[in-house]
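Paired with subunit B in one complex and with subunit C in the other, subunit A is shared by the two complexes that follow.
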Partner chain A sequence: MDSETVEKLLRLSALELDEDGRARLLRDLGRIVALIDEMQSVDTEGVAPLAHPLDAVQPLRPDRADPNVDRATLQQGAPATRDGLYLVPRVVE
Partner chain B sequence: MAGDAFATLSELRTELAARRVGAVELAEACLDRIAAEAHLNAFVSTCPERALARAKAADRRIAKEGQTALVGLPFAHKDIFCVQGLPTTCASNMLANFVAPYDATVAARMDAAGAVLVGKTNMDEFAMGSSSQTGHLGSVRNPWDTGRVAGGSSGGSAAAVAAGLVPGATGTDTGGSIRQPAAFCGISGLKPTYGRVSRYGMIAFASSLDQGGPMARTAEDLRLLLACMEGRDPRDSTSAEVPPTARDAKPRPLRIGIPGEYWDALGTDMGTALDAARRAIEGLGHQLAAVSLPHTRAAVASYYVVSSAEASTNLSRYDGVRYGHRASAPKDLEDLYRRSRSEGFGDEVKRRILTGAYTLSVGYYDAYYQKAQRVRRLIRQDFLDAFASVDAILGPVTPTPAFEQGTMQADPTDMYRQDAFTVPASLAGLPALSVPCGQVEGLPVGMQLIGPHFAEDRLLALGEAWQRETDWHMLRPRESRAAPEAT
Partner chain C sequence: MSTEWESVIGLEVHVQLATESKIFSDAPVAAGGDPNSRACGVDLGLPGVLPVLNESALGMAVTFGLAVDGKIARECRFDRKNYFYPDLPKGYQISQLAEPVVSGGNLDIDLGDGRSRRIHLTRAHLEEDAGKSVHDAYAGLSGIDLNRAGTPLLEVVSEPELKSPEEAAQYFRALHSLVRALGICDGNLNEGSMRCDANISIRPKGCEELGERTEIKNINSFRFVERALAFEIERQIGVVEAGGEVVRETRLYDAERDETRPMRGKETSEDYRYFPDPDLLPVVVTDAMLAEARARLPELPAAKRERYARDFALDDYACSRLTGDPDLARYFEAVTATGVEPRQAANWVLGEVSAALNRDERDAHDIPVPAEELGILIARIDEGVISGAAARTVLATLWQEGGDADAHIAASGLAQLNDDDELSRLAQEAVERNPNQAEQYRAGKTKLLGFFVGQVMQASQGKANPRQVNELLRELLTGA
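So, the complex of A and B:
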């Protein structure tokens, strides 16, 4: 773990930290990576990854609309909307 | 609780059915208790108007039809379950002003069963933690010793039940978040099989692990709550199509596995308390057998990779656009995302997101994420192999009793290692029950019963039998008792 990796992870995660925060993070991530590296000694040759604990496959439901919440209700909690649209800073000049 | 604040749900049902107490009276008593014990910080919010309206409706229903299901019983939701029209914060600044626009399936089912919601309980932010200290409203206090943590992440629910603020509550368990606080606070908690309880409307942390479940004083009460929470939900594609948890009419003597990897790791005091419980279980007529779960040591590592990867994906939805915290005067879209997230999330949540981003990033995906999923399969196989010869597995829930507030802050991995006995069952998707089984230093400790997939009935029956013969679950905070002498 180095400060370059920390910068990259912050960018990927859309997070920012001040200098102290970045230093703490560098130290903490180093410890976390050391902990998760403890699994590297396990022999997993030929073992398939397990994504679902019951190995279940995604069941399909009938292709029928199931309206549960209408747009107006959902947007009541939105920070900024107009005419049913979400507002964000201008992207294209 | 209008009489006894520590009455169980089952006892209250009898009282309600006999019309010796009313639902309004019970709800008011809970709200009074919550206010009187506000120093525990167990609740994020209460909903007195809604509670009293529902309680009045419950009293009418009882007058007409008698008491059924959960009608008239007060309870609390962990503040991770959406309840339409009520604040649902996940104890995060990110959602401090979020009002849920719809009901979680669990919330709708509890309402339909007639239970009376009195408030939402405090927790670790986004359920990421083992101590309920990371929420934006501060730490939950353990009712047994307010200088100690309540455990986490469902610490508010555990403390609320333990202190007699409510007789039952919901929790969620991703890596131990129902079982560990239940053990720390001296109550009972069940993590159901993955897929038993719908995750719809339950704010996501790690989707292949998250599971809602009940928390209460007794295993009998857990059964009552689970019956109303569980079941297939077309709105959660991972909810399982299985029959409801039935009650086995003839519980038989069971073969119970004792995994050396768990027991050998215990310190002297915990070992003494758990050994006494083990002998008592044997005294109930069950047969004990040594089993091995050889990949236990890699479980914490596998869990923190899988759960953090899923968290980093799930929490990418918080962008300051559709709901949740939005930074003021953003200079562009990137700035809006970055500052909204940085202001909204606390330190631990950020650490998990960044850990997840690391393990999922190009060049590390195979070495970390895929590797963790392979280890996960081995851990599950350990259990499946063990269940070929035993009916359930008995072990500790935690390495120690509740630790002191403010400790284990310097190095986040100290806290992660606290989850050593709870994350294996989570990775394997197995049901696991935590029930009080003794005391260490005057604080409650729990034992964990892990069963095969969908064997909740077997675990609950064991818990019920245990609690007929013992009364650790009936001790109230600050009542201490010496452990039984070794024989």
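So, the complex of A and C:
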């Protein structure tokens, strides 16, 4: 883990950290990667990959629509809305 | 000496599945509507919500897999594709990377003149759609509508086996016909029900190695696929022949200017950091689901095309046009079922009926004239009750006003004059009024028969049955 990788991860995650924060993240991530390296030293030959810790399969939902969407309540938590739209800082692709 | 180039094209088509509700929530799926009136807590990615897979979306993916003869994964999985954009509220899209529901399969494309080519599919996987952004309405701000967020998509990926823009468009058409026939997509291209991304590269003809490719995003019509790719091939050849190199990038097609240009703001190469979605358990396709999907599989376009050519003796064009749209095919078969000659039925359905649908911007499931009435109308032409031209007028009336064909024929006064006595009288008059021409006819100038037929048709205001008039005149002129 180096500072260049941290910069890239911050950009991909759209996060902003100050100098101290970046140093702390670099240290933490380094230790996490070391832990994973250690875990990878375990011999897993012949062990089937585990997709999920619960021995269960995905339940399915019948295709029925509930038209009662309470937009007013859902939008209470939004910083800004207008004409039913959520407003965000302008993005141009 | 100039190099000959060939293009290598692969398509990724997003097929919007025709479910009632979203792929992971019970909010309704529909086009339009007030902004955010169809986006529930799951679609908004609120903390604490859990996605639950829609069984119809899975069933439709399985149906597609069976129809293209692909391999259905008995156990598949969902992954998170991570990227930041305001119309993707969770910060990731739920998709399938490592274990898609369908692998492999193939689709035959029509190359014209009865030739076809088999295109192999890489995979088809389930994923959720994102919302929409409105950029121009608010100063310095973008508006976000999440109604489309969570709409189920089946992304169908072809192998890079398409060799030209025309083949790419034909592939898109074949896929469109198939998903419509299967009833898993409404096929409405204008509303974005099928959107296509095209990967394209060029290489010297005969070269094995693939050139660097570009991706053209979000093309939503058959014609634009062809035009965008044609432009991009020329652009790439231009770059390489000028000594440059094609840069791997994502481009947008601008239909108005008929050109592709790079998407802005992609400063980093895409890095989606996929990982298995811990909110969703492995999805199992049971024997019962497979059996049910198999039992519901309708006749596929390719099989239908063969049957139309064999049983109805229709030409390639008519077969492709009719089988390309399941509703049009159903209507055609219903007209044929009334006992009219299939080729005649096809002519009317692909001619007058299709033209009226285009004019009114209606779909073929919404033809206002019942197939039985069109059948009767065509039968009346055969019986000599009405001329083809008059039948078109009656059809237009049926289209506007409804009702039954025979009543409109009677009311319109367009029925042909078949009464022998009346026709004899008119023929007699025509001969008597034109003694010179009659004499010339008898002297051997038999081409003048047309002249006399014209006279009778005029006198009857176009309603005389021309076949009967011909016979009567010939008798009169030679018999006398």
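Note that the second predicted complex is superposed on the first by the 85 of 93 C-alpha atoms of A that agree within 3 Å, B and C clash if a C-alpha of one lies under 4 Å from a C-alpha of the other, contacts with A are read in each partner's own complex, and residues count from 1 in each chain.
Simple rule for what comes next: contacts are C-beta pairs under 8 Å (C-beta built on N, C-alpha and C of every residue); 3 or more make two chains touch, one makes a residue touch a chain.
Because the structure is a prediction, the values reported are computed rather than measured.
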Q. Thinking of the overlay built on chain A, is A:R71 touched by subunit B (first), by subunit C (second), by both, or by neither?
A. second
Q: Please indicate which partner A:V57 is in contact with in the superposed arrangement: first for subunit B, second for subunit C, both, or neither.
A: second
Q: Mind working out whether A:L25 is in touch with subunit B, subunit C, both or neither, as first, second, both or neither?
A: first
Q | Which superposed partner A:E4 touches (first subunit B, second subunit C, both, neither) | A | neither
Q. In the superposed arrangement, which partner chain does A:P89 touch: subunit B (first), subunit C (second), both, or neither?
A. both
Q: Look at A:D37 in the shared chain and tell me whether it touches subunit B only, subunit C only, both, or neither; answer first, second, both or neither.
A: first
Q) For subunit A, which residues belong to both interfaces, subunit B and subunit C? A) 8, 12-14, 51-52, 54, 56, 58-59, 61, 66, 69, 74, 77, 80, 86, 88-91
Q | Residues of subunit C that touch subunit A when the two form their complex | A | 19-21, 26-29, 34-41, 44, 46, 52-58, 75, 77, 82-86, 133-135, 137-138, 140-146, 263-265, 268, 271, 273, 276, 278, 280-284
Q) Inside the complex, what are the residues of subunit A that reach subunit B? A) 5-6, 8-10, 12-17, 25, 28-29, 31-42, 44, 47-54, 56, 58-59, 61, 66, 68-69, 73-74, 76-80, 86, 88-91
Q. In the complex formed with subunit A, which residues of subunit B make contact?
A. 97-99, 101-102, 193-195, 208-209, 234-235, 237-238, 240-241, 295, 297-298, 300-302, 304-305, 312, 316, 319-324, 326, 330-339, 341-342, 345, 350-351, 353-355, 357-359, 361, 367-368, 370-378, 380, 411-413, 416-417, 427-430, 453
Q. Which subunit A residues qualify as touching subunit C in the complex?
A. 8, 11-14, 51-52, 54, 56-67, 69, 71, 74-75, 77, 80, 82-93
